[in-house]
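Look for subunit A in each of the two complexes below; its partner is subunit B in the first and subunit C in the second.
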Partner chain A sequence: MKRYLQVALGILTAIGGFVDIGDLVTNAQVGARFGMSLGGVVVLGVLGICVYAEMSGRVAAVSGRATFDLVRERLGPRVGLLNLAASMAVTFLTFVAEIGGVALALELVSSVSEVLLVPFVGGLVWVILWRAKFSPMENTLGLAGLALVVFAVALWQLGPDWGALGHQLATADKPAGEAWTTYAYYAVALFGAAMTPYEVFFFSSGGVEERWTAKDLGVMRANVFIGFPLGGALSLAIAGCAALVLQPAGVTVDALGQVGLPVAVALGKVGVAVAVIGFVAATFGAACETGLGVGYSIAQYFGWQWGKFVKADRAAPFHAVLLLSSLAAVGVLLTSVDPIVVTELSVVFSALALPLTYFPILVVANDPDYLGEHTNDRLANLLGVFYLVVLSFLSAAALPLLVITKMGQ
Partner chain B sequence: MGARARTPRVVAGLMAGVLIGLLVGLAGCGLVPSRPEADDWVASARQSLDDTASEVATVGLVVEQEQQDRLPASYAAVVAARSEAAAGTAADGITAQQPPDSKRQEYDAVAAALGDAADLVAETRIALVDHDTAAYPRLAERLSRMERRLAQLATSVGR
Partner chain C sequence: MDRPDRLSRPMDAVLHLLDRQIIDRDGLFAGKVDDLELTEYDDRTLRLTALLVGPPALLPRLGGRLGGWLLDMWRELGVTRADRDAPGRIDLADVEHLGSGVTLNRPRAALVRTQGEPVAGTVRRRLGDLLGMEVRGPAGVRVRGRVIDVRVASGRPRGGRYVVARSLVVSRGRPGSLLGYDRASVSRPVVVDRVISWLHRHTGELDLADVVRIDWEARVVHATAEPGPLRAEDDRG
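Up next is the complex of A and B:
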């Protein structure tokens, strides 16, 4: 019975923890402009994150060691450093966006300017990273993130023509009047949002924190193959709500408040209140994950003691990185940069860095010295290579599309 | 010997080139607004009109939901305030540029529409914050008209 509860809790937190500010904003933007025509990209991206999260989770469970630790050892310090620089830069940018996202969500209920809320949010995130235990933190925020299920309820309540939505999704029918370059730019952004590198690193480092062993592979796979796709379904629900309400109204999304308007149309005040709880939980949870992700990656690369399973004074450099990155993120946001713009940039730069962050995982997952009999099977390698090719293509296209479309205008 | 004598001249020539380049560059950073080509100006005007129309549509949707008491007051006020700021930014995007001579008349029409739209969004935000429910039906109608005006202008500009 305890085992079933453990599996259920893992799946629920995986669903609730899947959506972050990048998913919220990008899916709503895409739904409002392109309807469900780019939904297939979300499906493809979610399958991709499942493939690589399973690989990195397996590496953590079987070897008992986290990704950056092994990447440096297996591929050498130079490749390790390249891997670290690419994923760290994107993870930090995402960390900034998530803290800004929490502030934007709190602004919606407090009417206090997001800039004034940022130091408070940054301080709270740091205190949690410093003091809270790993599992209660992950479970509480993941479960609270389930409030975003309200978007699925709102979509159902809006009573769409499911056949028409499905047709848009299946045929990738670009709306007339939208340029192909803009369409491609948002496809890259959606992919970047779905396959954000920090999710994989956090997932595998979390496995080490929770002391997974080969016996936990089943639970880990249930989290990945059930939790992540259901989290991806929430992303599609957000896009669907935007397609049904914002697109016909002529609203293009440039603020978090606009993302919740379809919920108001469908479910009224109570729905909006639940959506705001979901916004806060999703962005706060992701802020903790990305903050830890920055600390994990640097500490694992340099071989420092890391993690929340050791006391803070025994992992002082790790906690110093957490503190400094929190301060730096708050500093960036205090320049009054728009967190939505940071989010848009973070998902595109995420796409740019994806091959550098995922290639080493594929190499390590094929090494019998670390994984013994649990190395990749043929299907995992086939999918892994397929996604690397796709990611390389998207990575090459990301910057030119960003410039040509002036960030999707 | 000859090469040595040439070296200071080359250096002096390079320095003069750098200084002239800097002066030209700094002159371009003056207070005179940028003067885009006609096609670039038209694209910029359309973008500003589209962006502003989206903000007008956003506050229109907010007013509609507020009329039915389906939005928390603070949420409505924050969304409207964000739209007001974004409409102002969109208007600045076009009014801060020096219009090409051939587009002067269109500039006047676009600037007037963007200004009127920004004013209307601000007026709506004031009504939402004051919870002036009596003003909502009239505002909803004006916002709807403004959306149509901006859309028509976006279609006709540059034609």
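Up next is the complex of A and C:
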């Protein structure tokens, strides 16, 4: 019984923890402009994160090694350091976006300017990273993130023509007024939002934090293959709501409040209240994950003690990185840069940086020296190579599309 | 973590040991294997004697302008210290087990010492200095390729453990030599294996018995034979 509860809890936190500021903003933007025609990209991205997370989770469970251990071991210290710098730049950008997202969500209820809320949010994130234990932190924020199920309820209450939505999704029917380059740009952004690199740094390091062994592989797979797709379904629900309410009204999403607008239309005040709780939980949870992601990765490259499974004073350099990156993120947001713009950039750069960490993990997942009998089977390698091609292609396309479309205008 | 001990089997020092996580007796992390100490004896045998840790061990391996610049920064930050360039040392006798990480048989507190003076008749070398060396075959003809790894095997004479270098892996320095495909320790996914194995089709093995002299200053290995094909693990040791 206890084991089933544990599995259920893992799946629920995986669902609630899946959506972050990138998913919220990008899915609403895409829904409002392109309807459900890019939904296939979300499906592709969610399957991608499943493949990627399952491999890195398996490596972490069997060998005890997390992502940036492998990056340095398999790419050498020089290429590994450049890889670290690039991946950390993207994860830090996401960290900034998440903290900004929490502040925006709190601004919705308090009417206090987001910039004034940022130091408070940043400080709270840091205190949690410093003091909270790993599992309670992950479970609480993941469960609170389930409030976003309100988007699925809203979609149902809006009573859409399901056949038409499904048809848009299946046929990838680009609206006539949009250029192909813009369409492609948002496809890359949506993919980057679904398959953000930090999720995997956090997932594999979390496996070491929770001391997974080969016995936990079943639970890990249940979390990944049930939790992530259901989380992805929430992303689609957000896009669907935007497609039903915002697209006909001609609204383009450039504020967090607009993401929640369809919920207000469908469910009224109570719906909005639940949605805002979901926004705060999802972005706050992701802020903790990205903040830890920065610390994990740097500590793993240099071999420092990392993780919340030891007392903070035993992992001083790791906690110093957490403190400095929290301060730096607050500093960036205090320049009054728009967190929504930071989010848009972070998802595109995520797509750009993905192959850097994906490739070494694909290789190690096939190395019997690390994994013994648990190396990739044929299906895992078939999907693994398919996504290697997809990721390389999207990574190469990301920057040119960003420039050509002037960030999707 | 519970894989059999790599140190008791023939292995490739770079592929299987360098850059791995060091874990102390209590499961706490204690740094990375930033470089390896090789001890050169009078009879020119090379033994793997210690793990080297810390920025003075890591930064020279970064190479190029980046490595040089970072090393200068490291010196400047502690400009008064005479031992600023000295890497930390963890004796191989402190190693309990080599798997995906290096597990030690002692706690991490006060673990790392400086190298100190070498035993008489021996010279201290670094693996990082051997890597990238040029190879000259019979009559001084340059072999295409550079040293990318050192194959070692262990023995246990009267209790102690020693690990001795047996051969050098010589390759043309194309990307992906640390992934394991060229040493046939990984062979999947098939597409990736084909591409990387093809890039490394010229990779060969030079027996240290065929090496006359290693010139550490000019960074040249002088040998009496060309590198042969890589041998499987069972044929080594």
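Following the convention adopted for this analysis, the second predicted complex is superposed on the first by the 409 of 409 C-alpha atoms of A that agree within 3 Å, B and C clash if a C-alpha of one lies under 4 Å from a C-alpha of the other, contacts with A are read in each partner's own complex, and residues count from 1 in each chain.
Throughout what follows, a residue touches a chain if its C-beta (ideal position, glycine included) is under 8 Å from a C-beta of that chain, and two chains touch if they have at least 3 such contacts.
Predicted model only: the values in this text are computed from it and were never measured.
Student: Does subunit B (first) or subunit C (second) touch A:Pro197, or do both, or does neither?
Tutor: neither
Student: Is A:Asp367 in contact with subunit B, with subunit C, with both, or with neither (first, second, both, neither)?
Tutor: A:Asp367 contacts subunit C only, not subunit B.
Student: State whether subunit B or subunit C is in contact with more residues of subunit A in the superposed arrangement.
Tutor: After superposing on chain A, more of subunit A is contacted by C.
Student: Contact-wise, after the overlay, does A:Asn376 reach subunit B, subunit C, both or neither (first, second, both, neither)?
Tutor: In the superposition, A:Asn376 touches subunit C alone.
Student: Once the structures are superposed on A, label A:Gln305 by its partner contacts, choosing first (subunit B), second (subunit C), both or neither.
Tutor: Only subunit C; A:Gln305 stays clear of subunit B.
Student: With the two structures laid over each other on chain A, which partner does A:Val385 touch: subunit B (first), subunit C (second), both, or neither?
Tutor: Only subunit C; A:Val385 stays clear of subunit B.
Student: Could you look at A:Gly122 and tell me whether it touches subunit B, subunit C, both or neither (first, second, both, neither)?
Tutor: After superposing on A, A:Gly122 lies clear of both subunit B and subunit C.
Student: Between subunit B (first) and subunit C (second), which does A:Gly76 come into contact with in this model arrangement: first, second, both, or neither?
Tutor: second
Student: Overlap of the subunit B and subunit C footprints on subunit A, residue-wise?
Tutor: Residues common to the subunit A contacts of subunit C and of subunit B do not exist here, since the sets are disjoint.
Student: For the complex, give me every residue of subunit B touching subunit A.
Tutor: Per the stated touch rule, the residues are 47, 50-51, 53-54, 57-58, 60-62, 65, 68-72, 74-75, 77-79, 82-83, 86, 147, 151.
Student: Using the touch definition from the top, list the residues of subunit A that touch subunit C in their complex.
Tutor: 62-65, 69, 72-78, 80-81, 299-300, 302-306, 310, 314, 360, 362-363, 366-370, 372, 375-376, 381, 384-385, 388
Student: Taking the touch rule as given, give the residues of subunit A at its contact with subunit B in the complex, in rising order.
Tutor: 107-111, 245-246, 249-252, 254-255, 257-258, 260-261, 264-265, 268-269, 272-273, 276, 409
Student: Which residues of subunit C touch subunit A in the complex?
Tutor: Of all residues in subunit C, those touching subunit A are 1, 3, 6, 16, 19-22, 28-32, 34, 53, 58, 61-64, 66-67, 99-101, 178-180, 185-192.
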